[in-house]
Amino acid sequence: MLGSGIIKGFIETGRNFAESYFVPERLTTVQYPEEQLPPHENTRTIPFLVYDASDPAVGLRCTACQICEQECPPGCIRIVKDTTKKPDFVGKMQFQPAVFEIDISVCMGCGICAEVCPFDSIKMDHVFNLCAVERLESMLVRKERLAKSNDYFRSIHPREAREIDAQRGEEKAKAEAKTRAAAAAKASPATNPVCGAAA
Amino acid sequence: MPNNIPFYLAAAVTLGGAIAAMSLRNLVHCALCAAGAFAGLGAIYLQLGAEFVAAAQVLVYVGAIAMLIVFAILLTRGGKVKLTARQTAPNRFVGFLIVLLVCASLAGSILRSPSLQARTLALPEVTAPAQRIGENLMTAYVLPLETVGLLLTAAMLGAVVLAIREEPEARLRSEPTAQRRQALEEANIS
Amino acid sequence: MISAEIHNDTSALAEFEPASLDHDVLEVAMGPHHPSTHGVFRMDLVLDGETVVKLKPVFGYLHRNHEKIAEQNGYLAAIPYTDRLDYICSMTNNWAYVLTVEKLAGITVPERAEYIRVIVGELTRLFNHVCLAGFLLQDMGALGTPLMYAFREREKILDLFEALSGSRMMCNYLRFGGCRCDFPEGWIARAGEVVSNFSAFLDEFEALLTDNEILQARAQGVGVLPAALAINAGVTGPSLRASGVDYDLRKVDKYGIYARFEFRVPLGKNGDVFDRYMVRILEARESLKILEAALAAIPEGPILDPKTKLRGLRPKAGEAYGRIEAPKGELGFYLISDGGPKPYRFRVRPPSLINLTILEDLCLGHTVADVVVILGSIDIVLGEVDR
Amino acid sequence: MNWLDQIFVTSGHQLVSLAPASLQPAASVLLTIAAIMAVCGGCFALTTIIERKGLGRIQNRRGPNRVGPCGLFQPLADGLKMLTKEDIVPSSADKAAHFLAPIILTVPIWLTFSLLPFGRNMAALNLDSGVLFFFALGSATELAVFMAGWSSQNKYSVLGAMRAIAQMISYEVPLALATVPVLMLAGSLSLVDIVQAQGGYALGFVPRWNVLTPWGLVGFGLFLTAATAESNRSPFDLPEGESELIAGYLTEYSGFKYALFFLGEYLGLFAVSGLGVTLFLGGWRAPLPILEWAPSWFWFGGKFSALIFVFIWARGTLPRLRLDQLLNLAWKFLVPMALINMLAAAIWHLSPQWGGVFTSPPMRWLLTAAMLVFPYVWLGRAVNPRAGAKREYAYAE
């Protein structure tokens, strides 16, 4: 009969109307500035650079290898290597970037830079409500603004940070063991005569 | 005097609308002004206590006839044609003659009207005029009413017959597609 | 008929000969600024009254040089750009592209990654189809209610995608040789919950729409696509199946591991807007079956072939065409490698564009109101049409 | 409780009596006009926010809730926005008609409110031919719509105006015909008399509202459908069908003129809702004898709000019809149904005089209900031939 399907539809919308007052499933909107959904760990917005310890100038993990610069699909990263090397976390001498810039207006947040970085240095951030009043200077994010501490990285990507910390701890321990062994080996010529003497 | 203000307003609208409808160049404007005149007339009826006539005036003239005029103008491209002086006045003398005749007949009937003779205008006391009109239409004037109804039905039928046009298959009117269809049929793919 | 008062661009009118002299046609440019052209798309309509006698689709307003950009970049860097083709279904876009690269470079995919692909691909199909119904009803003037219900459910799937890939729409998730990362903890359980609730939602959605007399009157017998024309024009996807042609690449190519799943391909009879709507709803129901099976059977294992070289991939010189059954139809990528790190030629076969070519044939003889409904039922995304 | 019922009437009289005797008639008129404009204007503001919130709830959203408590001041913000917006007139537009159209649209609609009995003794005008006058004023708005569409010199506007006029002219007929049974049985065109005729209770508790008879129910359904179309509401909102014609005849309007159209549209909705309440739902009468203590204007307001909610509900549920389907529905379904309904009402009215079985109310009920159900099914099938034939879908193997 004419109208039966329409009445079915009315019942459906009427149910949704009534249930929106009782069933949270039927009122799904989140009142944004006041309420915010917690971000997923994997959420990615824009990249940032991780530094260890407290001083970004010293602890920056980036070694200016420029892989991200090459791989970035829109080419929004610009890196200039420093002229002098500094020791990294395992004590190996590495370059650091003199300039590291990301043009946020070009970046599309794909996360490929973070994916290809062999030094766990560039990672994806969770910040999203960014704004600027002009589009040149504030859109070009420099090293100083990009650098964020490892503690921050741990807070937004706990699982990943745990893995990386463990790995780096292992590497560091290995390197330390190596230096100790090397130191021991260095020391050995001094002891050898003793041994020899003992022999 | 202040009690007459509504009447003067309505009269001004009616006369102004009528004059504008006569004199404006844009036909759509003319039609709209004519509608204004009709509405003003309705307002005058209302002031005279003839509610039913007023309502009928607005319903029929503003709601229907004015729309009809507007449609007619648009459908016949009248709104686009710029009228030249020659088109508007083929023969001034005939126009004047018609105006004179109309004025004379109107003046004659007004002068002979009993309300001019009467010093005070006595409004007839009628209860429920709409009901009275209805009763009269259904009793004393039923034959004219039915005749008018029949006439209108015939007119409507005639209009429908005139308006029916042999509808060519609109879907196939576009040449490229018709060709494409044909090609398809030839290819006989199914 | 009513063009008397309108300033017409007479060039298009001169082309068109009215059938008789007693009425005029009206040329209307529908779009690019129009609420229901699904993006920046223009249709130059020639109307007789409100009946369409000629329609010329004009697109390219959203051209982004996708193919040439991909030819300037490495194989990996093209993946995030494919997200932006059909920006509603980034997962399937990724899939079509990586499938082609795998074909080109001879990369194998681990078992678990194949299951992941099926799961994300079918989830994409699920929400694409319900959103299409929402958009279609929006075009029919249902003031957003079906669209909002569809979006309510889509949101749950997008949440899953965000938890998995980090982004809701621009997933950039699949990689040649597998995918980027494994499921986070509890993801499969949540996905199972979404999938098991989805059937109830489809019932609710159909109660609102399918029997509605107004929808039936607006959709049945409107925009009929004959099977012969559909085949000739290269239409694919649900629009083709609504015309009764049994052609589903998941059955034809059996790419990935689709051969392992039990599902049916719904077919329409009339090929009108209503069939296109119904075929999509029925397909969504079949997708649910695949999803349930895949979520139950997913094995443990690696997600990326360890031999795959993501960075600096240099496939041997050669060419490959890979295609999948994307929600909108056959999405294909054609790649030529000259042995270098960049594809020599990168070409997309976008289902939206090719399905759009029949628009005029579907719309002729219908009214303006039907044009938007027909356009809605073809299911296009301008990001894919214009590339 | 009588004082509460008549509170507006008595306070109005008192206010008028403050004026000097010679100016009292004018003061009374002005006061009534001011009251109607204030109440309807307030209703307009309230309805916009309630509609948006109601639609939001239907769509699992909250609706506007930012301006003021629960978003109640949203209409104020909207009004302010409309007032401060630039008033754009297309350069090729017909300036005079473009300017006058919104005014001509709203004026007749305001006039209609003078006829509605909002409560006991609360009709500003008790015209002897009230219903007819109501329709006359309703038909005057068509001209304004035409002016808006034509003067904008925009193709979408013209298409929208053409649609609007075709629709309004077509739906005026079933709208008027649906009310005829009520007029026949009340024996008057006056809205006050019609409410009077619906007084009292059958069996001591069932109100004698027209809607509670078979012909009244059908008439109410027809009236509601036609009223929706007449006020250009969804699912009959083709003239401004957003997805097709952008905004129809409103496309080239902005700022305050647009707001006036908006106002006119809502006022038109109020007017037909008020008329529906008066004609079919017993006007200001209470639904049960024990509820008579509540003031009459409360009952009018309650029924009126319920009717408005039905319109909002329909807007949140139904897709839009196509123009030819819309006209088919009017001429091939609503008009014949309304004519049959008139016959049924006449039989309902006259059957007690026939004696025999026809005097018993259940018999009258059955007879008229049967007279209406069969044509409904039959005409319904004719207007929607596809209904009932559910499509089956095959699956490929």
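A, B, C and D are the chain letters, set down in written order, and residue numbers restart from 1 in every chain.
The rule we apply is simple: a residue touches a chain if its C-beta (ideal position, glycine included) is under 8 Å from a C-beta of that chain, and two chains touch if they have at least 3 such contacts.
The structure displayed is predicted, hence computed values, not measured ones.
**Q** Moving only from a chain to one it touches, give the least number of moves from subunit A to subunit B.
**A** Shortest path length, in steps: 2.
**Q** Quick one: point me to the chain whose Cα centre is farthest from that of subunit A.
**A** B
**Q** Roughly how far is subunit A from subunit C, going centre to centre by Cα mean, in whole Å?
**A** Distance between chain centres, rounded to whole Å: 33 Å.
**Q** Between subunit B and subunit C, what is the gap in Å from one C-alpha centre to the other?
**A** About 54 Å, centre to centre.
**Q** Taking each chain's centre as its mean C-alpha position, how far apart are subunit A and subunit D in Å?
**A** Measuring from centre to centre gives 61 Å for this pair.
**Q** Averaging only over C-alpha atoms, locate the centres of subunit B and subunit D and give their separation in whole Å.
**A** Once rounded, the distance between the two centres reads 27 Å.
**Q** So which stretches of subunit B touch two or more other chains?
**A** 28, 74
**Q** Touching at least two other chains at once: which residues of subunit D meet that condition?
**A** Within subunit D, residues 58-61, 150, 316-318, 384, 387 contact more than one other chain.
**Q** Could you list which residues of subunit C touch at least two other chains?
**A** Within subunit C, residues 2, 5, 145, 149, 152, 208, 212-216 contact more than one other chain.
**Q** Applying the document's contact rule, which stretches of subunit C touch subunit D when the two form their complex?
**A** Of all residues in subunit C, those touching subunit D are 2, 5-7, 26, 28, 34-36, 50, 137-145, 148-149, 152, 208, 212-218, 220-221, 246, 248, 251, 264-270, 274-275, 278-279, 282, 367-372.
**Q** Along subunit D, where are the residues that touch subunit A in the complex?
**A** Touch residues, subunit D against subunit A: 54, 57-62, 65, 313-314, 316-318, 333, 376-377, 379-381, 383-384, 387.
**Q** In their complex, what parts of subunit D are in touch with subunit B?
**A** Residues 94, 96-97, 127-129, 132-133, 135-137, 139-140, 142-143, 146-147, 150, 165, 169, 172, 187-189 of subunit D touch subunit B in their complex.
**Q** Could you please specify the touching residues of subunit C with respect to subunit A in the complex?
**A** That would be residues 73-74, 76-81, 83, 145, 149, 152, 155, 159, 162-167, 170, 172, 180-181, 184, 204, 207-216, 310-311 of subunit C.
**Q** Which positions of subunit A touch subunit C when the two form their complex?
**A** 2-6, 8-9, 11-13, 16, 28, 40-44, 67, 71-73, 108-112, 115-116, 124, 159
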